[in-house]
Structures are given as structure tokens and as C-alpha cells.
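So, here's a batch of structures to check.
In the two complexes below, chain A is the common chain; its partner is chain B in one and chain C in the other.
After this line comes the complex of A and B, so read on.
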């Protein structure tokens, strides 16, 4: 799609379960035990097993790809991981919601500012994606 | 700390490290695994296009990485591990994709240490922010760059692992703690007028005598009142916990933790003893 200045993009919600984290650990090669061991995660001061930051970031990237309508639109993508995303050991796991506003748009590129919310709290800050216009 | 700063300077001065070659070329099975983890069904990823956010994946080092003394993030992490900053969370990531990657390309990565900032107090504990930059190449061509910042932190001691608070023993209370160690709940009794009192004190509030003895309670009573303690944290205790004030048929009330599931006023309880830091503290459990 072609993005327009100030456009508000529709919310996308992703469900994240422990199984997703296990799958992602293997698929990404990030085996930090805070992402799969409750015992380890709580022993280092975390609320429990948390999602990989890069997993949350990639979900945001996927949301951008859906809004853009193509998988190779993103040129630049940056986030700050402000809060961990705890994933409880339940069938439902947790949900992350993504929304975005188009901050700037010209003929070639658009800049989206994303908001990612998990359990009522923003889990990313300064989440900006620059995408090619098609 | 000086070791951390020295190593920071040394690694920064080294600049870009030597290239590290990806274990496997960009390949469809790894893409399939990754998009399955992401729940991403974009059709182009089925046909040889690699998701841009996968770029770091191609050069990850697996479950049992070999030591890499010239890799700046690895070297810096080792120094911080030694200094006790053993835990890691990612705090920032910025990626720039110069072009899409296709199945068959073999990537290499080069990294450099750009900054180390600390020690900083964070909600997780005291730690250092380590920032690295990486560039991925396909052949000679740079295809993506990344700024990556992690927090290496010293986990704060857990409340449950901290040393618990133990009672202070005085001349007036020594008999009580000797009693709990022997499995007895002792109640102070005035030797002059026979009045019972708890907690123990030096002088009888009824007759003013200072000659004190004790009786041994049956250890059965009912909950007179209770509080559920949620905050603040108590060293050595897992929150929340219940403190019950138990009325004994002997005529005094005794405080202690209630160990059962459901507490209510009037519930019959019996005394048990919990070992804490060399002491035996009276506690209450529901009477059968």
C-alpha cells in the first residue's frame, strides 16, 4: 500500500506462547535461558520467562510487512526494548498489540511510528520503521 | 571497574573485528523454521526471499559457541561476567537493510564495540550498557547493518534468598525461645499472683512483682485476627504471607505466621514450629 502522512494503521494482535519462544530460540539461535527456563529467569530478577527482544521486534516487522503488503518494504527499523514481555506457561500465553501512525511520507519512502502494547503496558519505545513506497 | 574500562578502551581501539562466516548459507529450511516461529505466512518467504529481520540469525553461533576472543561483544561480555555482571537482556536494536537476501547467499559479519556505559542502576540491578555495531556482507557487498545494545547486569539478590530476620533474645524472653527449641509454647506466669501474659516482660502488669515463671501451653487456639502481608518485602519471606493473632484458652493471644491455605477469624489452629536462622518460631496451622 502507499502510506500517507498522518495515516493511522489498523491494530494487529499477535498471540505469543511458550511454544513460540521455544520455536524461536531454535530458529534464531538465541538460547539465552531467560527465554525458556522459569527457574533461571526468576533467579536473575525477571518476572518469569520473557519473549526474546528480537522476537518482539520481528513481530513488529511482520506487522509492518502486513501494512505495507510486501515482505521486503522495510529499509530501516529500530526499537528500544523498554519492558520485558512475560509469557506465562498457559495455553493462551500473552498478546502483543501493534498499532502505527505514518509520521512522514514522500514519493519513495514512509516512516511509521509503532506502538507495541502487552498487558496494558508499552513494551517498545522509539519503534520506527522506514519503508519503501510501492 | 578499572579492568572493565581498560578492556573497553582496548576493544574500541581494535575497531572492526575480523569477519566471521555464517554456519550455513541463507537457506529455505531455516527460513521455514523462522517464519513458523513467527507465524508469518507471507508467500514470498516460501519462495526464497529471506525475511529482513532474520539477518542476525544467519551468523548466530549456536547452542555451544566456540570462544571468540576477537569478537568485541563476546570479549566484553567475558570481562563483565568476571566482574559479576552475569545476566543479559537486550535494550536497543536498530537494523538497516540495504537489500533483500535470497536463498544461496553466504553471509559474513564484522562487528565493533562502539560504547560501554556504566555502572548504571536499573530496575533489574546494577549493570553496564554495551553497544556494538555489526555489518553483514554478501561477498564484498554490505547488505545490512545493526546497532545492538545490551544490558549486562548483576542480578539483585532475591528476597527469598536474603537472610531472614531473627528474634532478639533478652533476659525476659530467653525462656520462651528455649521453649520453642524444645517444642514447647511457653507462656510467662507471675510467680506472685499467677497472672499469665504474652509477650513476656520484666514485671507483672497486675501486681508489680518481678519474679517470673512460665506454663507450657497446649498449643491449640482460635484465630482472633490476622493480616495478609503484601508489602513491603520482608527478607527471607515470599510474599504475600499471613500473620495470625491466635487466642489461647489459657487466656493470652500469640502472634505467628499462619501456614494454611485459607485463614478466617474463629478458625481452630494448633501451634507448630518453623526453623528460621537457628531459631524455632511458633507458627499456626489449621487444626484438623
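After this line comes the complex of A and C, so read on.
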């Protein structure tokens, strides 16, 4: 799609389970046990197993791909990780919701400012993606 | 103990080449729930002007996270890895990574800062082909939580 200044993009919700974290660990090579071992995560003071920050960022990228209608739109992509995303050992896991506003747009590029929320709290800050206009 | 400031501005030699495989791109895309055929189907990728399947935007982390270990595990710098938290992450792309790319990572230490007892280490990593084409630049801010934080 072509983005327009001030456009508000529709919410996308991604479900995240422990199985997703294990799959992402294998695909990314990040085997830090805070992302799969409850025993280890609690021993270092975390509430439990948490999602990889880079998994949350990857889902944000996927949300952008859906809004843009293509997986190769992003030319610049940055986030700050502000809060962990705890993933309980249940069939449902947890949900992360992504919304975005178009902060700038011209004929060639648009800049989206994203909001990522898990259990009512923002888990990313300064989340921006510059995308090619198609 | 604060990190050694003399490391600011330091650059490291390129990592060993990483061959981006088509199945690895598909595996990564599947793991993040990506659905665009560009990531899975070489014909779809070719129709969009790419030589082979296109990696999702955060794929370079597969290489850059591994390359970062050279820095954070350097005993002279003094990062306590058990206290490391991922602070910020940014990717700037000259083009998407595609299957068949042979990539190296060149690490640079851009900034070391101490604030409220925590250390902040900002690295810049160039992802280049073995033919020295710059594909992406990746910034990673590592937070090393202080003993009292």
C-alpha cells in the first residue's frame, strides 16, 4: 500500500507461545536460556521465561510487511527494548499488539512509528521503520 | 567496574564469511511468522528483481549477534555477560540480504557510556559481502546492569 501522512494503521495481534521462542532460538542461533528455561530465568531475577527482544522486533517487522503488502519494504528499522515480554507456559502464551502511525510520507518513502503492547504495557519505544513506497 | 573507555573507536577485523542459505532464510521467515512468498519462493523473488529468496529485515542478527560476542566476551573490555540486557537495535539497509550472499561482519565500538551505575556499549557493525559491497549497517546498544541496579 501507499502510506499517507498521519495515517493510522490497523492493529495486528501476534500470539507468542513457548514453542515460538524455541523455534526462534533455533532459527536465530540465540540460545540464551532466559528464553526457554523457567529455572534459569527466575534464578537471574526475571519473572519467568521472556521472549527474545529480537523476536519482538522481528514480529514488528512482520507487522510492517503486512501493512506495506511486501516483505522487502523496510530500508531503516530501529527500536528500544523497554520491558520484557513474559511468555507463560500455557497453550495461549501471550499476545503482542502492534499499531502504527505514519509520521512522514513522500513519493518514495514513509516513516512509521510503531507501538507494541503486551499485557497493557509498551514493550518497545522509539520504534520506527522507514519503508519504500510501492 | 566501568568499561574501559579506551575501547571507543576500536574496529575489529572482518568475521569469517557466512553463506546465506535458502533453507536458512525459509527457516527464519517461518520462525517469525512471515508469509510473503519473497522469503520462500525463488521464482517470486526473481519476479521482484532479486537473485534468490529475500531474508526478512531482522535476519542479519543471525550474523551480527554472533559477531558481537567477539566484543562482549573480550576480557580486556570487562563486560559481565550475566548482567547484559539488549537496549536498542537498529538496521539500515542498502539492500535486503538474499540467499547466496556471502557475508562478513566488521565490528566497531562507537560509544561507551556510564549512567546511573549502568554501562552502555554501542556497537556499529557493517555487514558486507566478501566482494566488499555494504549490504547493511547494524547498531546494537548493550546495557550492562550495574551491581546495584
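Going forward, the second predicted complex is superposed on the first by the 134 of 134 C-alpha atoms of A that agree within 3 Å, B and C clash if a C-alpha of one lies under 4 Å from a C-alpha of the other, contacts with A are read in each partner's own complex, and residues count from 1 in each chain.
Keep in mind that, in the parts below, contacts are C-beta pairs under 8 Å (C-beta built on N, C-alpha and C of every residue); 3 or more make two chains touch, one makes a residue touch a chain.
Bear in mind the structure is a predicted one, so any value in this text is a computation, not a measurement.
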item: Chain A as common anchor, with chain B and chain C clashing or fitting; value: clash
item: Which of chain B and chain C A:34 touches, first, second, both or neither; value: first
item: First, second, both or neither for A:74, with chain B first and chain C second; value: both
item: Touching partner for A:46 - first (chain B), second (chain C), both, neither; value: first
item: Which of chain B and chain C A:116 touches, first, second, both or neither; value: neither
item: Touching partner for A:62 - first (chain B), second (chain C), both, neither; value: both
item: First, second, both or neither for A:14, with chain B first and chain C second; value: both
item: Shared contact residues on chain A - chain B and chain C; value: 14, 20, 23-24, 26-30, 44, 53-55, 57-59, 61-62, 65, 70-72, 74-81
item: Touch list for chain A against partner chain C, complex; value: 14, 20, 23-24, 26-30, 44, 53-55, 57-59, 61-62, 64-65, 70-72, 74-81, 126
item: Contact set on chain A toward chain B in their complex; value: 14, 20, 23-24, 26-32, 34, 42-46, 52-55, 57-59, 61-62, 65, 70-72, 74-81, 84
item: Chain A-touching residues of chain B, taken from the complex the two chains share; value: 30, 33-34, 36-40, 42, 44-45, 49, 51-54, 56-57, 60-63, 86-97, 100, 124-125, 147, 153, 155-156, 158
item: For the chain C and chain A complex, residues of the former touching the latter; value: 24, 27-34, 36, 38-39, 48, 50, 54, 56-58, 61-62, 65-66, 82, 85-93, 96, 139
